[in-house]
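First up is the structure itself, then whatever we jot down about it.
In this document, chain identifiers A, B, C, D, E and F correspond to the written order of the chains, with residue numbering beginning at 1 in each.
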């Protein structure tokens, strides 16, 4: 069964790319949804698809970017992320930008262009980081009829695809999640999301100094640790 | 003992279908109930029947659909899902639509038609996804006296049942949980549930922009990450 | 030491029945108590007696029935369930109706008839489900001096006890937890509990539709998932 | 080092009895303390001394009795239970009445008579249940200079101690935790605790019926589960 | 690198003593700090240094003493305890009084005398309990230039150090954490801490009787458990 | 791919140093971000990069320093720490000062000088503790084009680098996290952070005496534990 779609647009659904058996690419659909949270006091980020350790940590890194977009309302929402058809397990962090895009689309209710596929790791600050197997992934996406492929800028030199695919697919190297969103979401509201992502990355969160009772001058002099740090 | 019923209607009870030993189908009853939650601050989704990993994740995916129907009241309720008689364990995600239907029936107190059996995986957004063993399952349901069998539309081409069953059972291919509900619940309130499911899939949840103190222009210029993302 | 009593009545104590070594029955006392909860925000259901996996899940199924009787006050109470003397472990779900009866007795402070023993599995909706080893259990109870034995109606055909026991014990087949309560509790308040159980099984819990901002018509048309589910 | 004291009185400290190597008794001191809880919303019961599974469950059973004495204030307190010197681990439930007595002494700030030692299991409702190795334990306590030994009434027939100990120690068989307290605590306040224990075992906790919207008569008739339970 | 200091005074830092390889002592520095808690509703006690099971339980026992000093404010603080340089793991409970002293120093911001080293287990009620390897530890401390060594009074008879160390170090046997504090902290505020420790060990925490509805006389007579306990 | 940058400045990003294969250094970038917390009631510190046990404990030690800077607002924030590219796992505590610096930079939105690399363990009170492999790390940093390298003062004597590197890199030995911040952050706000760190290390947190009911004089005399501690 072809679990992905290569045309039209859908909310909360992204064509990711994976490597199978070391030397073969595959289109890996990722579906996200936002729901009221099971708890009155905290949100959850729930990823299914038999994720292994590195993949689970990649979802945690993506959640940092998501929480910066949603603000404190995240505590009232559960984020569901579903890797479709991966009964044998998912490893690695190269689906990170796909996960982030699916979740942002679901949050903002803005559709994702299904003619696009993507691969890339993500830092907790929104930087797109390099991944492995880029050439295998591009060829698999091209064979599947995908038209545009987003890859990390740091992987640009790794692209060694056969001539037959060069006219077929457009390769889009990116450095930040903001660029991923620009090339994958559709519709007028996309600009608002891009603006929000830019603003968030330069904010300073509020932290008050702790409410403290200053120790006496005498104690400060006596305390070895105190004078060392001071 | 025949643990399922093939006639009449019951609240919170669905005839699921499973494959045993690789090439033999079986009717697998699933019972759901909604209760006050043990906690004042969070609901729980509790599934019993010795579920293995993929089956547990399938229940998590179903819970996304459920939470979108119930809204924030879910935090005050525990959802119990019981796979009956599966002492040897349950694996796979093909009971997903059965679980969702049993829970929706229990929530809405609208009965399920017991002449129906069903098999199908479910996305967190309510799409019915394909499963394995459809032919075995249909034959087992037909032999057990079931009259209608709901299957994923993506599995329609897989149905290769023997002639003897063709007049006996009606096969209903579906693409969304909304269609599952239309074909399995009974009574006047069914229409309200279908309407609710349609409405929920197009809502946009509220997320305020984070309460932030903008960093100074000077800092924005200096910060490498800032300018990269911007 | 004989850990069970076969006469009189006691609050929170039930004579369960178990199979030992595959072909030998034994009377297994189960004691329950209700206490203030350790937590200000959630109740706990705590079962001791070295329960194995299926037995632990059976307690979870029983808790669904309990929570429907207690309502939201359950969040302020801890429910303790003690299998007495089972240092080698307890497996299976056939003690479910015994556990439910002991807890209901403790909650309502209404005594259990100690001349009764019982075996039966329980659905989350209060249906009594069949169990194994019914004949061995009945013979053990009869030998121990028990006068009435409650069994699942679905197990009625399995009862193949020797003649000597036929006059000694009364076999009571039941289909619901309500019937179990009718045959095992004593005193005037029993009727109130039975009424409560009947009422609870037909209530519809309140779930408000989620507080949502409808997406624009334009977005609804564009979104593939939206139109699929609609 | 002799870790226990055999004279005087102490708050929160009880001389328990254990079996070592199968055929040798030993005095096992148990110390309890009550503190403010680490959490604003829940208390904890923390037992140290390398307890194994049955011993951990015994502590849970004891906690049922404790919570019934303390009421809901337990959520603001942590209960610490320390088995002294058991670096090789503790198994079994025969220290249950010692644990309960040490905790009650710590809660009420009423001292325990250190000339007493004790052994006995405990039900969640306060019944003293039989244990193994009673003779070995009594002989060890006598040799250590203990004057009174509390044992379960159900173990009375097991006491086969040598003549030399018969004049040395007094054996006190008990059936309930109330009797244990009567024979082990000292001072005027002991009577208040005994009264409290008697009152608690006959109270009925408040549970409101769930806040429910009755389903329509029509639904009640249609629903199979409804009519089965009714 | 010499990780400990043997002169001056420091807040939150204590020279503990450990045995390495069975017959060799070593000075083991322990550092504590008090911080705002990560949670709005509960404090945490966090110990690092690859602690094994008995060592982890020793930290739990120490926390009982700490909570009695801090009162309910503990729920707003996290207590950090760091065993320095123990990459191979720490076992045993002989660092308990060092941990308690470091934490009390950090809480009260009163410095610890660095010319002192100490070893001793601790009960949840503040009693100092005996430990092993006292002679090895004293010799190691003396060789390292430590001037005073606090040991459990119960270990006094175990001290068999060589003559060369007898003039070099002062041995201080203690029975309670109060005495440990008296001999290890410096400055005027020490007296306040000692007074607080004395007061705390004799307080009685508030526990209200549970809010209960007395069962009727009739039920009390009928209920077997009730009459047994009464 | 070169995952680190050796010039300019970035918020929340630090060039750490690690040892690979026992005798080879490597620049290990660490990225931090601060976000709203998933929970309404507690913050989390989340570290990714396949950290092993000692590395996880090092992050806990660093969190003590962080919480002292942020005060109670930490309960509203999640701290994300990402070790980049460490798919094979990270062990040891020598990245502690890098982690602390990245998090402080992210919290204060003050950039880190990317021409600096650093290695050092950290105490919960902010002391920089010695690490292994300092020479290998310095050589690797120099070869990578790094200009300044921060090391623990306790490791100063271990630096045995080849002549070729001596003019190339500046070695900066430090004793406290305050000094690390002074040598690694850039811009005018750095001074405020240094001041805050100095002030925090000498504060005394508020702890009220527990709200207690003094036991009667009579009880105090009777209680053995009481009189021992008093």
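One rule holds for everything that comes next: a residue touches a chain if its C-beta (ideal position, glycine included) is under 8 Å from a C-beta of that chain, and two chains touch if they have at least 3 such contacts.
Worth saying up front: this structure is predicted, and the values here are computed from it rather than measured.
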Copies chain C and chain D - rotation angle from C-alpha fit, nearest 5 degrees: 60
Copies chain B and chain C touch via same or different residues, half shared test: different
Whole-Å gap separating chain A and chain F, where each centre is the average of the chain's CA atoms: 27
Separation of chain A from chain C, taking each centre as the mean of its C-alpha atoms, in whole Å: 46
Between chain D and chain A, distance of the C-alpha-averaged centres to the nearest whole Å: 53
Overlap residues in chain B, where contacts from two or more other chains coincide: 11-13, 36, 40-42, 68, 70-72, 74, 109, 125, 127, 202-206, 210, 215, 219, 223, 225-226
Footprint of chain C on chain B - complex, ascending: 1, 3, 11-13, 31-42, 46, 48-50, 68-74, 76-78, 80-82, 84-85, 87, 106-109, 125-127, 175-178, 196-206
Chain A to chain F touching residues, read off their complex: 41-45, 53-54, 57-58, 60-61, 63-64, 67-68, 70-72, 74-75, 123-125, 127, 129-130, 154-155, 202-215, 219-220, 223, 225-226, 228-230
